[in-house]
Amino acid sequence: MFDFILSRYNYWIYIILMMIGLYAMIGKKNLIKKIIGMNIFQTAIILFFISTAAKRGGTLPIIEHAHGAHPIQAASYVNPLPHVLMLTAIVVMVSTLGVALAIVIAIYRRYNTLEEDEILNLKR
Amino acid sequence: MEVVYSISPLLAMLASLMGAILILFAGERNRNLREFWTILASVVKFSILSSMAPLILAGKTIEYTIVNICPGVYLQFRVDAFGMIFALLASGLWIAVSIYSIGYMRDLKEHAQTRYFFCFAMAIFGAVGAALSANLLTLYMFYEILTISTFPLVAHKETPDAIKAGRKYLAYLLTGAAFVLFSIGLTYYLTGSLDFVAGGFVGGHGSRNLLRLLFITFMIGFGSKAAVMPIHEWLPSAMIAPTPVSGLLHAVAVVKAGVFCCLRVILYVFGPNLLSDLGIWLILAYFVSFTVIMANLIALTQDNLKRRLAFSTINNLSIIILGAALLSSNAIKGSMIHIPFHGFMKITLFLCAGSIYVKTHKELISEMDGIGRLMPFTMGSFTIGALGLTGIPPVCGFISKWYLCLGAIEAKQLIFLSVFLISALLDAAYFFPIVYGSFFKKPNGMNPRFNEAPLLVVVPIVVTAIFSIIFFVFPNAFLSFFKMATIATHDILGRG
Amino acid sequence: MSLHSPVLAVVIPLICAFLALLFGWWRKNLCYPITLVALSSSFLASLNTLHTVITTGTIRYHLGNWNPPWGIEYVVDHLNALVLGIISCIILVVGVYSKRSVEQELPEKIVFFYTLYLLLATGLFGIVVTGDMFNLYVFLEIASLAGYALIAIGEDGAPLASFRYVIMGTIGACFYLLGVGYLYIATGSLNMADLSQMLPELYDSRVVLVAFTFFMVGLALKMALFPLHTWLPDAYTHAPSTVSALLAPTMTKVGAYVMIRIMFTVFKPDFSISLFPITSILGWLAAAAILFGSIMALAQVDLKRMLCFVVVAEIGYIGIGVGIANRTALIGAILHIVNDVFMMACLFLAVGAIVYKIGTRNIYRFRYLHRKMPLMMALFVAGGLSVVGIPPLCGFFSKWYLILGAFKADKWIFVAVILVSSLLNAILFFRVIENVYLEPPEAGRSLEEIPTDEAPLSMLLPMFVVVAGIILLGVFSGRIIDVVIQFAIPPSI
Amino acid sequence: MRALNLFAVIITGIILIYGTQDMPDWADPRSPASTHVSPRYIEKTLEETATPNAVTSVLADYRGYDTLGETTVIFAAGISCILILRARRQER
């Protein structure tokens, strides 16, 4: 049992991070807090992906030795694919964040507040 | 049965579709051109249809397939004797009603006439399409086109009452259509086919109770259009529409299409054998008998002429369904010929009502005393129509009622024979006071001088009235309705 | 040429987006022609793709010439070739339409508008043709980002609606990405074809179950399936007319396509139908969506908002077809994707034209509209009747297949739901039709005095195309099924 | 409402944790992710792309198309921000 928890604790930590982020996204009334939640959520996903790349005993996926000296062992380098995916995902998430902030600015200019319920009151 | 492949059903359909489009293009500015298209389309359509009649009378059917819809179901026309009766009736009366409409609408300076004539053409398109359909899905398509295109006609006056009537019309008919769609889906699920077969095709598929349910949903669906009680309420309300529309609704297209579909389902989907096996025909027969009697009793109490005629229509529609439900050969024949005969007589009556309205703006029977002296042609035609609906010779209504009564005897159902007879008595009871009052009572406050409606209005009335008499003397005159009904009956019963 | 057509369909709008920005800097009115050129070449490429798929079967295109599963692969089979063709057609049509409406509503932002418009098109096309799970995510985000921004520049409430859409959309996309991550942990692959081969052995793995759940929830958010539709009505109501007309037909339908793709290609039908009974849950949710959408639509007086709820209901139709999950119902669902793209485009384009001309969307202020815009209103009625399900307009035929499918699956309650919603739709559209056509004229003012003030040709022409599409799709639905759709359904169903 | 949100979040978390039960142990070199597709990127990167850094070779070559998409996202985001923000200023 302890082994089981120990071997997966990293995933669990990210999942807890995700839950925090998700709660902020759907539960908070302040728009900026929602965006912060979104960021936490996305970061948790990035960490989750990266952690799948890990290999015990693996090192950076940069091939050091020259051709032909030893056959290259995949097991001795960590998995490069999740890193690549997350490089893309980080950019995507930053872009989302940027657009979200731009929209928040637009909202603030119109309503002079960032509290969702106050905005709804103003609209009424 | 020999099948002839021919494009003429499609051409007949295109005639009214093109007519409708041309009417739209002509628009309000070119009124004469627009009316010309209306008449031309109706004449072309009728002549194409009647050119097919000889083949039908020779016992053949005409087929034309447009496109596949789903496995085993095509968008397809198949003209058989029964469909031909209805198609000829609808397109033939369209000519009369078009001419009449032109006179009526111009005389009353109605608004939105382009929309009116467009929808009229579309309604006929739908009705004839339903008549020529080879299967339930094609039938449903044209049935819906008919329903939708009639809505603007019902609500034509655009007064709050008219809009309310239009809503009621749609509510009843679209709900009915939902039932129909349900039934068609179920039929396809059970049998994998939707093609009409004389004598029915659903037998042997599904459990008996499922088939009973199917029959009931079919009857609720199509019955809504045929104004079977208790789903008839929309029809009297729809009387608010201009009179030619009421004529179209009652005599030509809409309710007749409902009745036509009911008969299609009874005779070509279920078939007499299956229905008598399921025993459900008796329920249907009692149900419509109730409508037959009730509608006439209500008609007695109506003072508005058009409403009285509306209940008379409800009565006659149920008589037609009752005839088919009796499942005997004479009754089926009688109900089939009652479709066109009632059409001719009822349209005469409605056009008369319109003619009175055009001239005197009167709608209440109690105000019509002595009107026969003003409008002898109109009221003379009215008398012919009334006699016919009561079933008195020498008007064609007698023939159909005679066969219906024979059919009731043949089916050994004397109770339904008495239904026919009582209904005829009641017919007399509410028609003859009108005739009597208009000719023999003194008009109050009216100048009893000859003052007939415009020519375009009167001529169609007289023509349809004369036809009602001709059909008595020669039941096979012109269109051979009687012979077609015989062929259709033979097809249906001959197989079982 | 035909070999490259799927990728050309995606890349041409992308390149032209840069060009539009570049040339737009110099001359503002160059954007519109560039957009049209891009979209029409994209459309031609899609047609070519569709033709190739029909004649020679599935196209596999290896980007950068790396074999899958190592590289990214485009896989175009009958399903996505059809969706690609339809979507590119509508995007082009809306593009043609956009000119006047954008000039009126967003005069200052034409350049950026068209740039984003093309990027949105790129994103949607990319989602449809790709055969790689992660690539799909990237293009999903391109489309979504462009969508967020385009919605945010709408009328008064638009930024807030758009912000909510950002939040919900991001949750959806992140859930999808989580699903990809879980599948990656379980299999090590991102390629759809590769995954579908490896997954059957792992169907009892909890990782795969969770991945599947997250795909479904994420996509349900993206396609606005009840009860996760909450972002849609606000967002599409407040967006500029052209944007709603672009997003309402395409975005949700692409979401539905992805859902079908994942349920029946990445995962095998026996998993989605029996091992993990997502289809029955989906069916019930969709039935609720249909009723909810139709009833909520009844409560609206704003025509556009009403249509937004109709979109929610229409998504339900697709969902119900997928939920019933037999061959007939799936034909209905896919046919409904196709039909719905055209019907929604028709309705939203008409709303755009109404707003352009009279500046209100309140259906009780549509009096005389049939005098002002006779053609536009006639076309609107055609679209409305199609949604109601009047044959021979296309909306009927997908309903017909859905009803047949429901009968075959013995789900009579779904038949009832579909029929009831047709009636509710009838009330909806006849209410509008009544207000347009039958409102009695004001006292002392005859109808003849009201001048005709028809929408410009650049709006009418697209409407004609769309309505022609609605009629032709209806009449030839049997043919479309024979040639394309029947091959789009996995043979094991 | 608050309870409902919390409930949804907790359900999500539970489902996610439920899924981890069948995952390979953390950093297990025999996990599918480490053995199925990715080894080729490491073993062949020098040979096929002449790039010692496997991440770079995947980013720019094997899955270069994703990177094109990534730059497009940035482009879209930039245009979006201009579109949203500039518009407001002009309205004033």
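Annotations for the structure displayed:
Chains: A, B, C and D, in written order; residue numbering restarts at 1 for each.
Heads up, the rule we're going with is that a contact is a pair of C-beta atoms (placed from the backbone, for glycine too) under 8 Å apart; a residue touches a chain by one contact, two chains touch by 3 or more.
All figures in this text were calculated on a predicted structure; none of them were measured in a lab.
Across A-D and A-C, it is A-D that has more C-beta pairs touching. For this pair, chain A with chain B, the centres built from the Cα atoms lie 70 Å apart.
We define each chain's centre as the mean of its Cα atoms; on that basis chain A and chain D are separated by 9 Å. The distance from the centre of chain A to the centre of chain C, with each centre set as the mean of the Cα atoms, comes to 29 Å. If each chain is reduced to the centroid of its CA atoms, chain B and chain D end up 68 Å from each other.
Multi-chain contact residues of chain A (touching two or more other chains) are listed as 18, 22, 26, 52, 81-82, 85, 88, 92, 95-96, 99, 102-103, 106, 110. Those residues of chain B in touch with two or more other chains do not exist in this structure.
Touching two or more other chains at once are residues 16, 20, 23, 31, 33-35, 37-38, 41, 63, 66, 69-70, 73, 76-77, 80-81, 84, 87 of chain D. Contact between chains, using the touch rule, shows up for A-C, A-D, B-C, C-D.
Note for the complex: chain C touches chain B at residues 385, 390-392, 396-397, 400-401, 403-404, 407-408, 415, 419-420, 422-423, 426, 430, 434, 437-441, 447, 475-479, 481-482.
Touching chain A in their complex are the following residues of chain C: 134, 137-138, 141, 145, 148-149, 152, 156-157, 159-160, 162-163, 166-167, 170-171, 174, 177-178, 181, 184-185, 190. The part of chain B that touches chain C in the complex is made up of residues 66-70, 75, 111-112, 115, 137, 140-141, 144-145, 148, 151-152, 155, 158-160, 162-163, 166-167, 170, 174-175, 178, 181-182, 185-186, 188-189. Residues 18, 22, 25-26, 31, 34, 38, 41-42, 45, 48-49, 52, 81-82, 85, 88-89, 92, 95-96, 99-100, 102-104, 106-107, 110, 116, 119, 123 of chain A are the ones that touch chain C when the two sit in their complex.
Residues 2, 5-6, 8-10, 12-13, 16-17, 20, 23, 25-29, 31, 33-35, 37-39, 41-43, 45-47, 52-55, 57-59, 63, 66-67, 69-71, 73-74, 76-78, 80-81, 84-85, 87-88 of chain D are the ones that touch chain A when the two sit in their complex.
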